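Okay, got some structures for you below.
Heads up, the next two complexes both have subunit A, just with different partners, subunit B and then subunit C.
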Partner chain A sequence: MHDNPIDTSIYAAVTEAIQGEARRILSEGHVAAVVGYAAARRKGSAQPVVVTRADDAGKLIFSAACVNNLAVYLTKARKEIPKSGKIGIVVKGCDLKALVGLMGESQLKREELYLIGVPCAGVLASTIQPDTALTAGTIAPKCRECDAHLPTGCDFVPARQPVTPELEKHYSAEIARLEAMTPAERWAYWKGQFKKCIKCYACRQVCPFCFCEQCLCDRNKPQMVETTPRPAGNFAWHIVRAMHLAGRCAGCAECERVCPMDIPLNLLNRKMAKELKELYDYEAGFEVREKGPLATYDEKDDQSFIK
Partner chain B sequence: MQLYISEKNLKALLDRLIADGMRVVAPRMDAGTPLYGPLTDSAGIVLDQLPRRSAKEAFFPLCEDIMSYEKQGRKVSLTDIDPAGFPETVLVGVRPCDAAAIPVLDAVFSWDYKDEFFLERRRKTTIVGLACTKADDACFCTAVGLSPANPKGSDLFLTPLEGGGYACETFTEKGEALVNANRELFAEPNGSTALPLAEPQTERFDLKKVKAWLDGHFEDPAWDSIAVRCVGCGACAFLCPACHCFDIVDEGTEKAGKRRKNWDACGFWKFTHHASGHNPRDLQPKRYRNRIMHKFKYYDDKFGQTLCSGCGRCIRFCPVGIDIAAIVSEISKK
Partner chain C sequence: MSRIGVFICHCGENISRTVDVERVAAEVGKLPGVAFATDYKYMCSDPGQGLLKKAIREERLSHVVVAACSPRMHEKTFRKAVESAGLNPFLCEMANIREHCSWVHQDRKEATVKAIELVGMMVERVKKNRVLPTITVPVTKRALVIGGGIAGIQAALDIADAGYEVILVEREPSIGGHMAQLSETFPTLDCSQCIMTPKMVDVANHPRIRLYTYAEIERVEGYIGNFQVTVRRKARSVIEEKCTGCGVCMEKCPVKKIPNKFDQNLGMRPAIYVPFPQAVPNTPVIDRENCIKFKTGKCGVCRKVCGPGAVDYEQEDRLIVEPVGAIVVATGFDLYSIEEKPKGSPIKGYGEFGHGRIPDVIDGMTFERLASASGPTGGKILRPSDGREPKQIVFIQCVGSRAREKGISYCSKICCMYTAKHTMLYHHKVHDGQAYVFFMDARTPGKNYDEFWRRSIEEEEAVYIRGMVSRLYQKGDKIVVMGSDIAVGVQVEIEADMVVLATAVQPQKGADALAQKLGISYDKYNFYSEAHAKLRPVECATAGIYLAGACQGPKDIPDTVSQASAAAAKVIILFARDQLEREPIVARVREAGCVGCFYCKKVCPYGAVEEKEIRDRQGNLVKVVAYVNPGVCGGCGTCQATCPSKSVELDGYTDEQIVAMIEAL
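After this line comes the complex of A and B, so read on.
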């Protein structure tokens, strides 16, 4: 069952379409740059690339190794990407949700972007060698419950239909498992996970929503969170992050993908998203909204917690 | 000294050392991740995969207390941590890339300032290396002049044999002492051939040419194209067996607290952020350039050594696929 292959045959045609469109918008001067994926040295691997010349559009690819959410390159935190003129960006459905959130938070303007959407059947899990075939066993956990195989509202989407078999859901099963634990068991579980944290901040650096120019956790006067990778500071850091992302994180799972210590960070984010859905019938990433539920007040909100 | 030890006897050796009160550090699973850590018994050892973090943490921990302070009334008392209290340790199952980086670190930790925290652990630790029989396409020890069977840094080196067990060779007095104290667990070589060694596929770098290019190209447009994708986390430096920058922080309250030494990384924007607000490495390419310069030029200038042993962790775990082997190989062709 885990060996069941997932059909990625459309990726060749998608690659060709992305290259054609990037070449066109660069040569016609619609955009100053296109942020996309290019093949890298390791067999089957891909890495983010910024293409500024139409002649380089042929470097762009799409494959199951194109795991990154490129939206992070459009945020204020990334000063290296040219910010003058319109920017083209290759987006999967999951990545697009982050862009939608960033527009809602006034970080990006739709008219400054040229969105090249990708019909996506899924990408590889972080622990898998990049040249591995995509199967029910090697697909990224987030792709198992994807509801955005075909991005909507883009400027260009190659006309291909991804084949998307029904897969066993990962996060809902894990959340159910953790919810069934006693608080002491759950504490022990997270303690074991956070103990591994080395404070490399890869989770923060790849997160499109961690665009603060100075993170609270980088401050030392006064120090809000211990910077030392010890239990107190590690817990504080991950809890602060989960709370700051509640109602904003749309589940690209980049934090979890890049964690070199295998901490299942997206579980925290999915649990927060579940709470937001239950309390406010709110889901992040579907439409541009100025304010999320945690930034608004409504008299109809549940107030039973005020005692 | 060349000997043979069976898998069973290797475990018996570890159990005996643990029972004798020796600290035995080896790769084992920690909440689902292979990491070096103290063993409670030999059953937990995991020798079939490269630990996620390198062996440097046995000498240079992720975080350690170096001093504590306490304030009583107007009196402040300071207490140093005494490295003499560090335990005798045997570090087992260290891959050649990890072991080779340790003597390279000796140079910087015993240079103008003798870092007793590092050096005392070095004196008290015996390193048992282990040859590699598999490599992936991120491995590149052979590209920096090492190999899957290079004993550099190991006091005792194990090579897996056809039919099980290990060929065991000692390289230092420490290694001999460990064998001699447990001689009955070792046997004379039994004539078995070694398992085929791993064969990393990356071609060998011309490190002289790399350095020559770096000498003349502090400013070069290549840095922008290489590092434009770098997001500025510390994953590469923290997983690296040779990166050794640290930060010192005081944590605690007004009344009492600790001074701690934590790993730091040149990829962080804050690394060179001055109190004035000025940052000489204001953009990420300048920070990434430092990583390459430090490994292949500055450390060579100062100590005549390369600060990279080709373990490939920074390649495997870079969030954005930055590949140091590809970058250095490119530089060596310029």
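After this line comes the complex of A and C, so read on.
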């Protein structure tokens, strides 16, 4: 069952359509650059690329190895991107949710972006070699419960329909397992996970929502979070991270992908998202919203925590 | 190096009873940075403050910590004292060792240890206090008065007479409120209309009062001295500037049988109406729910007959923004209805009194309309059911009030007096009738009040029965009242023609929603809360907002008028200054760290956060950051808690200070 192949045959046509659209908007001067994916050195692998000339549009691809969330290149990692002019960007559904979140938080303006949406059947898990075929066994955990195979509200989306078989849900099952634990067991579980953290902050660097120029964890007057990788400081960091992402994280799972210590960071994010859904009926989506649930107060909000 | 002085107050015995103040002084004196520590019986007294000032000079103190009561109580006192001794007042902090320590603990030893720690925390905090210069803001010398009853009218007249402009907003089509509905008033039995209507006319004619009737408060922004109030003027369908008040429209309106709320639904009115003949302004309003023109599109008689062409069916609600410097809230009261209440409501109805279904069981206000010469019966006491004169009438006091099982524990204060008045009015109008009063006890404090009550018994032949009524039911055309006389110890049964209930005084409906717009606090019954029960009874905790009348708690007319004048005096005091000094406890943005997510702007309840562009020397935009307008900032700290990168801090409450306090523990 794990070997059941997932149909990625549309990716060739999607690649062609992306190239065509990128060539058009670059040559017609609609955008100053297009952020997308290009083939990398290893066979079958892909890497982010910034294309500024129409002649280079042929470099752009889309495949099951195009795992990165490119939204991060529009905010803090905006190095090779021209300072002025509209920017084109290739987005999967999961990435688009992050972009939309950034618009709601005044980091990006919709009118300064040209969104090339990707019909996506899924990408490979971070532990899988890039030239492997996409199957029920090799697909990334986040794609197993994806509800955004077709992004909406983009300027351009190749007219292809991805085939999306029903897959066993990874995070839902994990959350159910955690919720069945006693608080003490759960504490012990996360303590075991966070103990592994080496404070490399890769999760922070890759996250599109961690756009602060100066992270509060790097401040020392006063020091908010212990900097050495000791259990107490690790806990503080991961709790700050989870709380800061609550109601914002759209589940691109980049943090989990880049974590060298294999901490299930997206599991924590999904659990927070579930809480927000239950408490405030809020989910990150494709609509730009001015205020997140934690920045608003409504009389009907749950007050049961006040004892 | 700081030279901190610590002053520990005994608060009489309030603190020293539970806390060993001498030991606190001795221990705290050893802390690094503390140059002087002492204790005194009453630190807030004149000699106590003198001690503090002397120590600042003689010991060359750089910072001061006063360990005493809550800063809400005396922070201002001590900061003033510190200022007069030449130090910046914001270099003085208070450690609360009374409310937070001595009052809540019994063990002297442990309480002393806790007091030492509380003071120690404040010592660490005060070391990081900065000199804060006072901020001055201009004062808009115009007042808003919400509610056009006697409270609002009195406050508006007083403020306007002092020379300031007043905006008076009333929800109903006319000002006058409940007092305009009353027949005669205790303890003198003078006609309510006769003393009320001249004041209403004064309001209408006052050159400095702008009256908005049939209007409600939509939104309130800003702060003391600088409020922006949005008023919704509901569509009256009659242009006030054109209407002459001739009344032809009302005469010709084909719909005539609409129960008039002003007459407690006993009298009838047309669809275009003024609530009562003496209404101010004397401009009718179209009740769109009952008007044929609005229901079917036909009719239009009122427009046809209106000489000046004042009727306007297309009129829409208008929103008007008024800048004001102070607000008086005078929204008044409403009466408890004994009807069945929705499930889950803390207020219960009276099933034992028929849940309001017996037509001749009425409330006190309905009796007022019956007794009023301008009322639906022309001043005759007649039964609503068949129009007969009741020969036996029963008054029941404390209906809803002082009845915890019904959801209200407070005394409504006015009912003893108005019931005594009702028995007199009844006796004057129905000479052969008999009035009975069921009461728990008579509460008649007030000038000439007890004499008035005695008179109802001794001269006006009312029979007072001490006890409560357990049940009322209709039997033929009589109402059987079953009660007990606890003075004699017997059950009483009276077959009455009419029963009048002295129902509890409650705040107006929607009082809570208005409070939320104004940002003022209210109690569990929705009465508005004063800043201090004894010493600041007309001020709200929110600066620049004052209370008058029954919206703050049940009140009779003399009390209401006094409070309204007091509120007006507070407004006049505020307006006597051109500049308002405000506490410099405001938020400040660290622009280097700000990434412009503007969460602070989204959560700021004062609208104090603006967007500011940072440009380089060539004029290129570097980034957009948050900027806090210090004149508008309320110092609540919500932005500080919300900022993801900790780039905004509240002066006097910086992260550094809070962390220093935690680390001192």
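Just so it is clear, the second predicted complex is superposed on the first by the 302 of 307 C-alpha atoms of A that agree within 3 Å, B and C clash if a C-alpha of one lies under 4 Å from a C-alpha of the other, contacts with A are read in each partner's own complex, and residues count from 1 in each chain.
Criterion: a contact is a pair of C-beta atoms (placed from the backbone, for glycine too) under 8 Å apart; a residue touches a chain by one contact, two chains touch by 3 or more.
Small disclaimer: the values here were computed from a predicted structure and weren't measured.
Once the two complexes are overlaid on the shared chain, A:Arg78 sits against subunit B while remaining clear of subunit C. Within the superposed three-chain model, A:Gln107 lies in touch with subunit C and out of touch with subunit B [touch as defined at top]. Of the two partner chains placed around the shared chain by superposition, neither subunit B nor subunit C is touched by A:Pro231.
With both structures placed on the common chain, the touch criterion links A:Met261 to subunit B but leaves subunit C unconnected.
In the superposition on chain A, contact of A:Leu216 is made with subunit C only, not with subunit B. Of the two partner chains placed by the overlay, only subunit B lies in contact with A:Tyr201; subunit C stays clear of it. In the superposed model, A:Val50 makes contact with subunit B only, not with subunit C.
Set against each other, subunit B and subunit C differ in how many residues of subunit A they touch, and the higher count belongs to B.
Of the two partner chains placed by superposition, only subunit C is touched by A:Lys291; subunit B is not.
Within subunit A, the residues touched by subunit B in the first complex and by subunit C in the second are 223.
On the subunit A side of its complex with subunit B, the touching residues are 40-43, 45-50, 68, 72-73, 78-81, 129, 192-193, 195-196, 198-202, 204-206, 218, 220, 223, 226-230, 254, 257-258, 260-262. Those residues of subunit C lying in contact with subunit A across their complex are 592-593, 595-599, 602-603, 624, 642, 644-647, 655-656, 659-660.
The residues of subunit A lying in touch with subunit C in their complex are 105-107, 211-216, 219, 221-224, 244, 290-291, 295. Against subunit A, the residues of subunit B that register as touching in their complex are 30-33, 35, 52-53, 62-63, 136-138, 224, 227-229, 231-235, 237-239, 247, 249, 251, 260, 262-263, 265, 268, 270, 283-285, 315, 317, 319-323, 325-326.
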